[in-house]
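Next come the structures, one after another.
Two complexes follow with subunit A in common, the first pairing it with subunit B and the second with subunit C.
After this line comes the complex of A and B, so read on.
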């Protein structure tokens, strides 16, 4: 189809859809009113039932935790997919240095950069872990904290250079961390079944409201998510960085790749 | 600790999803250190175990659904009848049987793919187990948002598996697949948002109760349109179908077995469940289903059949045949009746088995000859004649051989549909797809040919798949699946009846006419390829004109399936506008 054919088809479709959308929007509940019954019920019941002060965490890691397990699986699945797609041509081998544009000047890192990166990477990682640990108390939690902690890995690359970054971070370790986090989440859902409870039922001691330990099983699930996210983001960064490295001659993995088209 | 059957079934229900997820994560974590073949063995054992588990759950749910509330948030924990805090899985015989069937196909695919994917750790098996978990979750959940979560996970796993060979065509196919289905996902999420905004709940049953109590409402209708568009895109119904032939033709054969065998028909299964449980109380939506979706099914069956006939690349041919059969299934779903649902459920299984077997044969051809082009492979298949026998049987089954699951299912679909259009579409779709497979079989394995007609101009491409697996290992799952497809549906009649009435209670008067239609179908399945294989080069003027008239409409269809994702998105929007316009003005 040419562009004008496409437009000729799309335009009437969009007109119909605009009319339909307008009708739906006009029939929607008014903005901000009435407040969702679901939210009100959670706010009223859950602080008492679960001793947590972050209701979003309660919904994510307890009430609808099977949804979160599905989303965690999506993240891990997407990261695995990225690895399959990116690593295919390149393999897992290492070289001395990352790929560079030919002719670009290569400057030694200054001490200031190294120092700042070391300080910032450590602080950032600890801050990420802190956000993970306070998931049931304050906004944040496993996903956000994990992403913050994993971003410290970029600073290792920046401060220490390519070869140290590859010495410190191994893709198999990162994948193990990622898989382990997911596995703990799945086990947290399965183990209660063996004792006659519902899947993912929160049967651990609930702890104290507003305390670091509050929410029982949520603490474990939240930490597992944090671990899995750190691993996933680590794998992802590694694969993206490695894309800059040109494959060595022996790196092509096998006959499947040769043909391409 | 001993438990009675129902109690044990209640405890084991979540394992159907948690087990494959847990094992996938464990495989991922340990993949670097595992001895070779561990992933193959583990994945196969898990798939077989899940098949048994889901089958047993189906039997246990005979007297009523098994409902498991995750986290123990069993109503009335909120104290209000319309506020369901948690998420439940609900096992009924139909859902459990479909889930067990998914696991069966995965087991077949794992045997077929034995040793094929050993180069990149266990990534293939991790993706496949996540894929299976998502499918089972999609079957068992009774929460609309949770349904979306599994739908999305299915999509992500499927995109990656399509692109797995990393060739140009597989990356293009995966790209089109990703764009079309990701757009579907956005629409679905928006639709779920609308439904939640109006009803305040995500639980199927509660939402259905609230919708039945509301006056006709544009928000509900809009929500249905969006969710239905996503599911119809997954199910490759015209005009949302364009991505399928690009993706299924280029995915690795063991993956295409799953895609065509069950992933796409799950879209229709999800749609049927939503229609039966959630939207049954909205008369306008039900009108759209009965009439609008019926006509989409008719169009899909015919277009898919014509396109399948016009292909020479076997995997593309099979992909279009899948589209045609999905049209037949949509005709069954649109009746929302007990007999139509019986037909749909048996059809889903019968079609999945036959189509899975056919994709395995395509995989065998790829592994042996690095091609699936029926004209290029003329006579090549004689050295692997057992594959030829399997392909012939599969072609006959697909084309309405009066024997086995598909035949019995088609009878029920006929009984549930009404009007001449339904009968013509089912006959045309069945006969054309069966004829196309038989024509390819005759060319590849029997050295019969005749001058190629429309298929000569179809797109084709050389591919390769790793070829060091023994032939018997690849044909074993294929033979088992065909053997199951040859069983008469009567064996499970009472189970199927129970499963269908568990979803849809509505009985309709039988339209009948199935037996005559079946005879015509099968005659056409034999006659069409026979005519094609005996064809001479058109020398006389009249014959040339006739040949031209015959091919002209196919050129049009080829042009529409342009391989450009922008075109596909335009068609999706047109389809959505048709659904919305029907509800608004129809």
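After this line comes the complex of A and C, so read on.
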């Protein structure tokens, strides 16, 4: 289908969308006056019921904990699918030599880059862990803190180069970390069932409001999500970076490569 | 002002769809999909917003002060996480398509036809 045909089909579709959107917009409740009682009830009751101050974390890790378990499983499934797709014929055997385009200039990293990356990577990782651990108290939580901590891996790559990066991080370890986080979350949902409670019911002592330990089971679920997100993002980065390394002979499907070139 | 947030959401969705339809590169197309997705962020946060309310985190101000809807914010968080994972998955597919076909232009891919 050529570009003009696509646009010709798109135009009526957008007209229909515009009419439908206008209908919906006119029927929406007034902006800034939410009708939902759910959120208002959470705001009013949950600080006393669960001793936590971060309501978003309370919704994610306690009130709608089973939904978050589904979301977590989706994340792990998507990461697994990405890994399977990227590895393809490459398998798990990996060289520790970065690929290089012929003719590209090779520049040595400056000491300042290496130093800054080492400092920033460590600080960023600790900051991410801090955001995870205070998930029930201040803004943040497992997902946000995990993403911050995992981005320190990119800084290690930037500062140390490919081969050192591969020495420091192992994809088996990252995958195990990811799986462990998911497992702990699933257990946090299932273990209460074994004792006759509802799934993921908050059965632990609730702790004190504004304290690092506040929210009971939420603390464990939050930390498990953080660990799983660190593992998932690490695995993703590792597999995408693997695309840049030098292929070993017979390691990759050379036929496809030639055809692609 | 009352309808601005909803109009922005609809506009983001429309612009994203336009980008997907006219896209000439799969990575660009994935970017357009995330533009469509950001319409849902605007919509959800707009639904949860309350005039004169603070964040739903009762650390500095005591419980009982007006706060925006925490359920909507939790939903946006879910949205972002799933979106990031899906983007990674689509980019992996794009890499494999490029390895097999040597192009990422949807115009030249013709996935239903056998390889020449």
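A few comments on the model shown:
We adopt the following convention: the second predicted complex is superposed on the first by the 230 of 261 C-alpha atoms of A that agree within 3 Å, B and C clash if a C-alpha of one lies under 4 Å from a C-alpha of the other, contacts with A are read in each partner's own complex, and residues count from 1 in each chain.
Simple rule for what comes next: contacts are C-beta pairs under 8 Å (C-beta built on N, C-alpha and C of every residue); 3 or more make two chains touch, one makes a residue touch a chain.
In this text the structure is predicted, and so the values were computed from the model without any measurement.
By the touch criterion stated above, A:243 is placed in contact with subunit C alone, subunit B being left untouched. Judged by the touch definition given at the top, the superposed model places A:200 against subunit B, while subunit C stays out of reach. In the superposition on chain A, A:212 contacts neither subunit B nor subunit C. Within the superposed three-chain model, A:182 lies in touch with subunit B and out of touch with subunit C [touch as defined at top]. When the two structures are aligned on the shared chain, A:172 is found in touch with subunit B, with no touch to subunit C. Of the two partner chains placed by superposition, only subunit B is touched by A:66; subunit C is not.
Contact with both subunit B and subunit C is seen for A:28 once the two complexes are overlaid on the shared chain.
Using the contact criterion defined above for the overlaid structures, shared-chain residue A:85 touches subunit B and also reaches subunit C.
Applying the stated contact rule after C-alpha superposition, one finds that A:55 touches subunit C and leaves subunit B untouched. The residues of subunit A shared by its contacts with subunit B and with subunit C are 6, 9-10, 13-14, 17, 21, 24, 26, 28, 36, 38, 42, 64, 67, 71, 74, 78, 81, 85, 88, 256-257, 259-261.
Interface residues of subunit C facing subunit A in the complex, by the touch rule stated above, are 1-7, 10, 13-14, 17-18, 21-22, 46-51, 55-59, 63-64, 67-74, 77-78, 80-82, 84-86, 88-89, 91-93, 95-96, 98-102, 107. Taken together, the subunit A residues at the contact with subunit C in this complex read 2-3, 6-7, 9-10, 13-14, 17-18, 21, 24-26, 28, 30-34, 36, 38-40, 42-44, 47-48, 53-56, 58-60, 64, 67-68, 71, 74-75, 78-79, 81-82, 85-86, 88, 137-139, 141, 143-144, 147, 210, 229, 232, 236, 239-240, 243, 256-257, 259-261. Listing the residues of subunit A that touch subunit B in their complex gives 1, 6, 9-10, 12-14, 16-17, 19-21, 23-24, 26-29, 36-38, 41-42, 45, 62-67, 69-71, 73-74, 76-78, 80-81, 83-85, 87-89, 172, 175-183, 185-187, 189-190, 193, 196-202, 253-257, 259-261. Here subunit B touches subunit A in the complex through residues 1, 11-12, 14-15, 17-19, 21-22, 24-33, 68-74, 77-80, 82-83, 85-87, 119-120, 123, 126-127, 130, 133-134, 137, 143, 145-146, 149-150, 152-153, 156-157, 159-160, 163-169, 194, 197-198, 200-201, 217-219, 221-222, 225, 461-462, 464, 466, 559-560, 562, 564, 566-567, 570-571, 573-574, 576-577, 580-581, 583-584, going by the rule given at the top.
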